[in-house]
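We just call them A, B, C and D in the order they show up, numbering each chain from 1.
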Amino acid sequence: MSTAVEFRQVSKRFGKVLANDAVSFAIARGTIHGIIGENGAGKSTLMSILYGYYQADAGDILIHGEVRNIRNSHAAIELGIGMVHQHFMLVEDMTVLDNIMLGMEGGFRLRSQRSRIALELASLCADYGLEIKLDARINTLSVGEQQRVEILKQLYRNANILILDEPTAVLTPQEADALFVILRLFKQQGKTVILITHKLPEILAITDAVTVMRAGGVVAAVETASTNQEDLAYKMVGRSVATELPRQPLSAGVSVLQVDDLCLQNAQGVHLLSAVNFSVQAGEIVAIAGVSGNGQSELLEILAGMRNQPGDKISGNVQIHDTRLNFEKKDPTLAAKLRKLGVSHVPEDRLRDGVIKEFPVWENILLGQQSTQIYLDKKKCVALSDALLAQFEVRPLDSHLRLSQLSGGNQQKIVLAREIAARPTLMLVGQPTRGVDIGTIQRIHTELLALRDAGVAILLVSAELEEIRALADRILVMSGGRITGELSIADYDTTRIGLLMGGLHK
Amino acid sequence: MNSDLPRWATNVALPMLNLLSAMLVAAGVIYLLGESPIEALGIMLRSALGNVEGFGYTLFYATTFIFTGLSVSIAMQAGLFNIGSDGQMYLGGLGLTLVMLQFDASLPAWILIPLAMSAAAVFGAAWAFIPGYLQAKRGSHVVVTTIMFNFIAASLMNFIIITYMIPVGEQNPASRVFAENAWLPRLNSLLPALGDTPLNLTFICAVICLFAYGLIVWRTRWGYALRAAGKSAHAAQYAGISIATVIIVTMLVSGAFAGAAAMNSLAGSMHYLSLNFTSGAGFIGIAVALMGRQHPVGIFMSALLFGILIQGGFDLSLEKSNIPAETFVFIQGLIILFCGAMENMYAPALSRLLNRKWGNNV
Amino acid sequence: MFDDFQFSTILVATIRSAPVLLFAAFAGVFAERSGIIDLALEGKMLASAFVAAACTYATQNPYLGVAAGILVSCLIVLLQGYVAINQKGNQLVFGIAINIAMSGLTFVLAQYFFQLGGRSPDLGAARFAVWNFPFADWWSTIPALNWLLGKFLGGHTVLVYLAFALIPCLHWLINHSRFGLRLRAVGENPHAADAAGINVAQTRYLALLCGGVLCSLSGAYLAIVQSGFFLRDMSAGNGFLALTAMVFGNWRPLQTALGCLMFGFFAALQIQMEGVAFPVVGQIPGSLIQMLPFVVTVVVLAGVMAKSVGPKALGVPFVKSR
Amino acid sequence: NQPKYALVYDAGGKFDRSFNQSAYEGAERFKKDTKISYIDVQVMSNAQGEQVLRNLARKGIDLIAAIGFTHAQQVQTVAKEFPKTKFLIVDGSANGANVSSILFKEQEGSYLVGVAAAMASKSKKLGFIGGIDIPLIRAFVCGYTQGAKSVDAKVDVAQNVVGTTATAWNDPAKGGELARAQMERGVDVIFAAAGGSGMGALQAVKEKGKMAIGVDSNQNYLFPGVMLTSMVKRVDNAIYDSFMQMKNGTWKAGVSNLGLKEGGVDWALDKDNRSLITPEIEKRVNTAKQDILNGKVKVIDYREASRCPL
């Protein structure tokens, strides 16, 4: 078998960080090759070098056996390399078709090219079983659909080396499965796939070989068939990672959150939530499972006081402790008022909602907590921040760094640390471990369970069934804006949950 | 971008290099105009910094720019680009003048002056309120509305001054002169060593306002909300910060700063309201805010720089008739270009230099 | 005073004064759709107005004058590109710097060369010829046709026709051409464009150069066609008005053109309103009437056209990192 | 020991082809005749005015001439501080034992050109273009209209101002546009008193083949055959005379109001507009001049009561 890509002693430095340290390994043609490693291990950087996004400081890259100088993404595309970035590289305001043809228009006049390319894409879609509306605008598409656009884009460009950076982090299990079907088709056609992921089961399920990275270097390169999950986790983190966390028996207390008949209708008249009823008691974790886009995000937004879109109609009754929320008057400061009631919120899209990247870490620790005092005593705030960073093992431990200088996983930890430190009585958590390495996942789970044991009511929204199984006391399943079923952890049953998520209740 | 440079390099060395580059280009122009650049620089510095009185004038000009610079800066902190400081200052002048004309005969100075100051701030704030409100509630772009409001202010003030303010039989489109107890105390009355300059109480106010600005923006919850809303609308919503309120309040404060700028020239030096008395100080405020990176020290330094340019440039054109006063307008532009827009031009070279000197450990 | 408005006169004046704003606003559209805030329109207009006038005077050929104006405007634009694209400097600061610098420099140069107080000599006959419809002796006898062909459609210089011809061309170029697609992509999400293999810097430079050419035409029109000489600061805020029209038009060519024409229309209307006695209020003072175009803009922005949303990457230097 | 002289222009600048330039020409004439040089400065902003005057006074200048009404207040302030220095303010008035103020009766000159315009106009529609709506400009319009109406009461005068900010004096495009708009409405003679913007108006008038009237200095030479006449304001004479008086030791403080009688204002008739001024026009204008001189006609000064009762 010939090699498709080979890295020889590739190094890359960003200021003080050595992101890639003499990386060498080869990827065989016609295989699916996994790359794993902790947050900040250098995976994305390596792939960015391969795609011509960055220039390596040293080392060579061989494509199909030849040393190539990939100066920019254009050169990479010419070599048949395609990349699906973790944060999709799509122009939100443009249509699917325009996004796909961008850079490969084929002529100066778009109109005549559009029809030609549309035909070509239709046949590609048929070949790969993709279903995409070509004239839809990107910002109307779900994440899964957007990813399909990215893949179609690579197909249209006839990429024979396809890089996917954490493609499943934001996908539902069903969407992930659909993706893997396509990737296998790819492989069958002799194309090469490079897959970065934090989910070890995926690695085991689909890849042929795995490279494990740590601190910028390669620590192991193995055939998938010859390894297992524990082994990989050990290689990645450098210590063994417990998969099952110990849990105290449930001791639920008074009702903290009571939701009755909650409905949400958006400006277009679509019912995003219909008659949602449930409650959360102190000391229990209630998880909401569901395919994303079925109302969980909106529910969380409403409960956190963040839903403030023009034209929304919210009705029903939400009670937190003894306070009834009023949705009649749109109040942009509702989120702050809820915090005073003891509500903490880890938002789903933390890097968008939960932090301000330009602010230093210590000021991010204040976000949401800012209205507690008039004068912000910097010394005190920094001391508090330092303590939290130490407690949550954020690296580097420096409250004066700009948040954007931290790695993604560490940014997540800061949001979590802040929300836990607020000593909530009700904690709203959305997708807490999306895009985080397994060591960090374990840490986050431990913290959440500790909160529960301390008597905090926790509402958890997650797309990961594994996570729900590890944490929840009760599971609510949502589909189409309704709660389609409820079961306690004792009755946990993947098939049943799957059916309920599909909206098929008895 | 230059995060791998030590602080002294970014805060002192780079600005100095940039200033030097601007000066070099300016020197070229002065040379082409047939004068000696060295001599010209000497005259300028002597006039603006080298004698007490000249320095007083430099500070006097800087005072106005500190206020307009603060006005633009605070809006920028909230992500708003207030181009309307000039119009707000103009209206501030109206507020101040109305109080002065009404009460300068009846009220003692210690009531009159604070009253007039407040009126200036209130009128400036009121003029900024409408663009702020429209941005907050209707989403009308504040850049456009403030530009429009500058034009509208000019028309309105023209009308008011011509129709109501000119004393009968006067030619000059200006109000009558305020009675002497309405004049702001000049600092040379406290400190005679300052010599004969119009530097007045407003300068003290400006310095206080700089401190207050720094304190409010970085050390209060209100400033935090302001900056958060300016950086990320999503995060502001998450934190329960009402962006509409932040926009409106910020524009009010911004307008109040601009309005207060009118004090320096009207109550401190001219003592009457005249047509277009702002002479574009609001626009210089934009440059001051941008170059000073909205930081109190930066605002002070760049306001001072503009003060030096105006004072020194003026004296130079007085002595060298070959150099028209407009040359300094050009040099102002050059300095903004080099120190503001190309501020990082020398960063890579400097960092390479430093790395070579102290090994590769940076 | 004259009894009635002459609507036809207002329309003609609108057409005649439109090119200044149209060229400049289109220059703004090019730059800003590619993601670069262009506050420097005013400065570029002034510089090219000066150079165009000076060169026309020297060569007695307006076409050479325009060419020289274009050259200078493009040189400024290259500097702008260097600052905004290569240096990743602050684009707003650049704009303000250029406006101030050009206001000073054009005066100093004009004074140096001509000694007329920042004015160029009159260009005299060296200006663009007016284009007229043929068979004038036939249609000029019919009043309606005479107005339509002689004043409204005919009787303008080549730059006027060029400005209006640009409206559909620009619309097509931005919305229906490959260049336009790439331009928009670069302005909305340069990272996505870069990942698609598009050279972001090159696209932005190209957009800036297009804008530079257009902007210089605006300056040339001011100096060569409208005035017949250069005068210090003769751009008189038109660059900012053009930007306003562009924001007003949501950065889209057709709407932007509409905004420019609206400004022109209300400016012409305002001229006609001066000194006219109105039914209830009587004669409105000149300085209040001057407000008209600006008040209308604010009202329209606040009412009908609320929420203009610019290109997403506007003003943010493109740095290759996520 | 010769006295020293200085000239301070306002923001319009020394080459504005208007009254600053006229002042400059007067000083130059003085320099040529006496071989005595002088200093001249231009202020960039209002606040600088005072500083300039004070600087000059401290330098030991004996006579400081400030041009333009924006300097009036400043002269008054600084004159008080330097009682030994003599000050001259042109176009504005200031008090002080060492201050002489020179004002012009622009309305009288405007009256004359109004007469000429009404005579020359075929459409009996006249135009006026001012820079900013200020009392000085209103005085121009008022005299102009009165003169025109004295020829034919049915004459209409359309008036526009360019703008409200300082750029209004430097906007030839707008000036030209105003002129075109007026001509579209039938105006065939336009009096432009708008600095650099006025130049745009004259240019537009030339293109349309109508007639224009210049202002301040004699602008007839700019467009021979187009310029009907100019309303000249002899700032140059005022400066020249004042400097001469200083030299001869006859300089006096006080306010002088220079009208037709004093030779402060006039209309311009030279080879450049000879062809447009018919004998009838010339006769009529000269009659009007006589009437004003001997008091038969009283020209309204808008500034006296801020009114133009016509």
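Assume a contact is a pair of C-beta atoms (placed from the backbone, for glycine too) under 8 Å apart; a residue touches a chain by one contact, two chains touch by 3 or more.
As the structure is a computational prediction, the values presented were derived from the model and not from experiment.
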Max contacts between which two chains? B-C
Starting from the Cα centroid of chain B, hunt down the chain whose centroid lies farthest away. A
Suppose each chain is reduced to the average of its Cα coordinates; what separation in Å results between chain A and chain D? 75
Chain C and chain D: spacing of chain centres that average the CA atoms, whole Å: 34
Whole-angstrom distance, CA centroid of chain B to CA centroid of chain C, is 29
For chain B and chain D, what's the span in angstrom between their mean Cα positions? 35
Where chain B touches two or more other chains at once, by residue number: 151, 154-155, 158-159, 162, 324, 329
For chain D, residue numbers touching 2 or more other chains are 132-133, 163-164
Connecting every touching chain pair, does the picture come out as line, ring, star, complete or other? other
Between which chains does touch occur? A-B, A-C, B-C, B-D, C-D
Mind pulling up the chain C residues that touch chain A in the complex? 176-182, 184-185, 188-189, 191-199, 312, 320, 322
Can you tell me which positions in chain C touch chain D when the two form their complex? 1-2, 6, 9, 12-13, 16-17, 20, 111, 115-119, 122, 222, 226-229, 231-234, 236-238, 267-268, 271-272, 274-275, 285-287, 290
Spell out the residues on chain B that touch chain D in their complex, using ranges where they run on. 57, 60-61, 151, 154-155, 157-159, 162, 166, 168-174, 177, 196, 198, 265, 269-272, 274-277, 279-280, 310, 314-315, 317-318, 321, 324-325, 329
Residue positions on chain C within touch of chain B in the complex are 83, 87-94, 96-105, 107-108, 111-112, 118, 232, 237, 240, 243-244, 247-248, 285, 287-288, 290-291, 294-295, 297-298, 301-303, 306-308, 319
Residue numbers on chain A that touch chain C, as the complex places them: 51, 53-54, 72-74, 76-77, 83, 85, 87-94, 98-99, 101-105, 107-111, 113, 153
